[in-house]
Amino acid sequence: MKPEIWHQLGVKDQEFEMIVNILGREPNYVELSMYSVMWSEHCSYKNSKNTLKLFPTENERILLGPGENAGIVDIGDGLAVVFKVESHNHPSAIEPYQGAATGVGGIIRDIFTMGARPVALLNSLRFGPLEDAKIRWLFGGVVSGIAGYGNCIGIPTVGGEVYFDGSYSGNPLVNVMCVGIMDQEKISLGQAKGTGNSVILVGARTGRDGIHGVTFASEELGEESEEKRPAVQVGDPFMEKLLIEACLELIDMGVIVGIQDLGGAGLTCATSEMASRAGTGMEIDISLVPRREEGMLPFEVMISESQERMLLVVEKESEELVKKVFDRWELSATVIGRVTDDKMVRVKEKGEVVAEMPAKSLADEAPVYCPEMKTPSYIEEVCRLTHSKIPEPADPEEVFLKIITSPNIASKEWVYRQYDHMVRTCTVVLPGSDAAVLRIRGTKRGIAVTIDGNGRYAYLDPYLGGITAVAEAARNLVCTGAEPLAVTDCLNFGNPEKPEIFWQFYKAVEGMSKACQEFNTPVVGGNVSFYNETAKGAIFPTPVVGMVGLLEDLDQRCTIDYKEEGDHILLAGQGEPTAGGSEYLSIIHDLLEGCPPEIDLEQEIKFQNFILEAIRAGLVSSAHDLSQGGLAVALAEGCFKNSLGVQVKLSAERDIRWDILLFGEVQSRAVLSIKPDKYIEIMELADKKGVPLKQIGEVKGKDFNLEVTGPEMRKAINLPLEEIIEKWRGAIECMMEL
Amino acid sequence: MKFGVVVFPGSNCDLDSYYMVKDVLKQPVEYLWHRDKDLKGVDCVILPGGFTYGDYLRPGAIAGFSPLVESVKEFAHKGGLVLGICNGFQVLTEAGLLPGALYLNISLQFRCVFTYLKVENNRTPFTNLTEDRALKIPVAHGDGNYYADPETLTELEKNGRIVFRYCNPEGEVTKEANPNGSLDNIAGICNEKGNVLGMMPHPERAGEELLGSDDGKIIFDSILKFWGEN
Amino acid sequence: MWKAKIQVTLKKSVLDPQGATVEKALKALGYDNIGDVRVGKYLEVVVEGKDNEEVEEQVVEMCQRLLTNPVIEDYTFEVTEV
Amino acid sequence: MWKAKIQVTLKKSVLDPQGATVEKALKALGYDNIGDVRVGKYLEVVVEGKDNEEVEEQVVEMCQRLLTNPVIEDYTFEVTEV
């Protein structure tokens, strides 16, 4: 075999040698193709595996950590929550609708594979600036693709985030998360147990789509990406809806021995992983695989990434039952092989062996690399931000309006009104709050779900950025009254073979791990997306954190909106707002510099404990953490839903500048509103918990009225709420109509 | 009173209607499978929302041909109560049980938002308990833009067959209150006899305060009252 | 074997929001010399039949029963032998 | 004035879930003699231009820039004088 052949498949020379060693001979083309997809970064995590070991993955609630298709966490009452996030960045960059749609389809399969009913979707999106028509096409397409798939399949999309920044112009990020609820007794695994058991392929027919899709995901986007276009597929949410029903019905009947979805690397991945996990082998005959196209070669069948397919392992006697159930749902189910005991994946075509290799070697024995690391040179420069570089703006109202209409801060209603966020009638806190809350039927409980990340922070300081991504997610849950349980993450970075990029990656994971440890929220699964680069450079390092929390009593939930005129507004927590890495600095001063807000994890934990306890004790009418846009934005966001104005007076103690006080960003802080008669009780609680808390204003009138006074200084924002709401709500829509 | 919720391939609000009847209304309810002909003796058939057959070709088009819909037609002709919600409404128009058609929202986008409904006819079996105020009930659809030719429209108007129109919270029928471009803000219509109602908004999603509104329950309570009196 | 190519458009009396949006987008790209954009559906169906006439008859029937909604849509089609 | 009639279909190699579902539905209605159903888009655009050639060139450009995504779609069109 000529080196060109393996090079073309992205197999390195030393990797080819490893394959020869494993097989004791040269691989044939089918085998080489199978190794190439399984050993790609996307499937094997060969560059990230070692680093990911930093993550804590266990505690008393974790029923299943990373390794299977998704992690499982105990939520009491014999129930468990299952969740995972996945990226579909590269396909979305060239076909936004279908790229995003098939991303949603893929992550849903990961959830119901485990035996869980998918109950919620979230998404985390990054694009370049909306002034660019191509970006608007991408953004519009991605959102309607997520809507198209999620709405059709009937799983509510209940939350997410969108940021716009030049670093994502050529390489948007599309991360989707799915959450499922299951009976703990129904956990099903991707394991091919039981020699002689039948292997059944169900769902869509196999076509040539997505051939070398995983290799595509493991490369930088360049001119040639256009050539690999067929790597994008069309999703069929209708078929997947039927698949969910049929698979869950069979799982419920207890006839499934093992089950796995076909995602990246298709049949190759499903057969080898299922066999490897169970310590068995698998033999299939691909001439039995239902095809969509004629003349497909064996290697094409083995690595095709056609969507909406699953692989089942059942006892021979159950074959007929499986077929019956699938038939009822108008789906096909075809026996294509059986489980063997020789630990080999053996692929036949009409009885003739076309590929044969140890299952483990494909699934678990990819080479592991420890890429080099080097601190990027920009890191030192960006730290040198001083206030003298930030001219003091003249008009606070003008600044405020600019920030509130920045697409990063403006209402995301344009996005989530396209998503059915109510189907299944369990969404009790709808999009627009810090986290969405879902009820769990038949119990008093609820879960809160959120997804968060801040690429700008992570760019300026990946370690701190990693910590704060976790802290912000946890804070968002706590503000709805939920106790954070566990994390799933999506790590979006550039090319890991570049030492500066790998340094960002390593530092971010280190930070996240530290935070997850401190919060006791283990990582139960996730996804790494490297090579998010174009000729113009890498994206911001963007670790995204998906988190699930538990409300023991749904009646104790809390939202961000003020409830009643006359309520007091309090500011909780401590920490100094900073301009570093803030939206203010970016929008008003066009600077990307400074240190992102510091965080003291011990303080943060105290702070979160206090908020949670106060909410549970019924002392709090609304709670909202400070994040992008700082205090001014957090105060305003509470006004929007019920059109209730505020009157807030702040005094700038020390010599902090008013613009930084209002718009600077900070960790470990939240705006609370309370009934006046709860004042003493909540102050006492804060005192007991060691968390600073002070009253800064009250809910009043129809204006947004915010005043800062200090030694020889008085600045005020005084605007009719109606005007603010209109501008905030319409900002993204306005830009999309350009 | 016994309810039946039809399940087509791709229905996804079947569960919501089911729980609405079972847990909120506390009435017996059964699923009805699209391939069957048997209505299991139910007193009211609900065609739920969702994406039957993926909404491929046209929403509701393929489902309109299922054996169960044949039975529903017979049932309706005999005066049985039929409630089509969202995709269920689309199935009813495609199957010829209600006039007109529902097509692409004027925004070209799916819309999931709370809307307000003005009740134009409170003498139907579905609205007899409504009072003189707008009902807060959400929509969630991509094809809710109602169209009928002018003659049909006049006929609907004249005979009180326009049951709901989108309005603002104050009850005024305005352009801004229309989420999909529907002709004359039409949100729901009934057949001549009034026993078949199709509506785009989802009353089953507004059955409990917890979900942001319980105005949808009034529609189900009306059905119960009508059935009790007949 | 015959191939039917079917064009489905919204009736002239029915507002075509997609057409209007595409027209706006084309004009925004600088195509000022265009107008009257309509967006509809295009279907291809391969039909086995003995002659053109038989096939055409069947296509009409399929269009009327399932493929189009006569309340809002018109259609045209061609049948060619393949 | 010219009218361009444009048919947009998914590439042959790309899954066409709509086509597959419509095919099944037609078969369920008793049309056993049909197959290979594809569902795509149909567009009509009125174009002002001096001759067929100029118009065709422009239609190609519009298709490539906006009306189709060559990643997954193919198109054909005819231009006629109106």
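Details
As written, the chains take the letters A, B, C and D, and residue 1 is the first residue of each chain.
To be clear about the criterion, contacts are C-beta pairs under 8 Å (C-beta built on N, C-alpha and C of every residue); 3 or more make two chains touch, one makes a residue touch a chain.
All values derive from a computational prediction rather than experimental measurement.
Looking at B-D and A-D side by side, the one with more C-beta contacts is A-D. Among the other chains, C has the CA centre that is most remote from the centre of chain A. A straight line joining the Cα centres of chain A and chain D is 36 Å long.
For the pair chain C and chain D, the distance between mean C-alpha positions equals 9 Å. Per-chain Cα centroids separate chain A from chain C by 41 Å.
Residues of chain B in contact with two or more other chains: 53-54, 56-57, 62, 65. Multi-chain contact residues of chain A, defined as those touching 2 or more other chains: 236, 238-239, 330.
Shown for chain C are the residues that touch two or more other chains, namely 66-67.
Within the complex formed with chain B, the chain C residues making contact are 10, 13-15, 17-18, 21, 66-67, 69, 71-72.
Chain D makes touch with chain C in their complex at residues 5, 7-9, 19, 22, 25-26, 29, 31, 33-49, 58, 62, 65-67. If you check the complex, the residues on chain B that touch chain D are 53-54, 56-57, 62, 65. Interface residues of chain D, counted against chain B in their complex, comprise 17-18, 21-22, 25, 28-29, 39.
The touching residues of chain B, counted against chain C in their complex, run 57-58, 61-62, 65, 93-94, 99-101, 103-108, 145, 147-149, 181.
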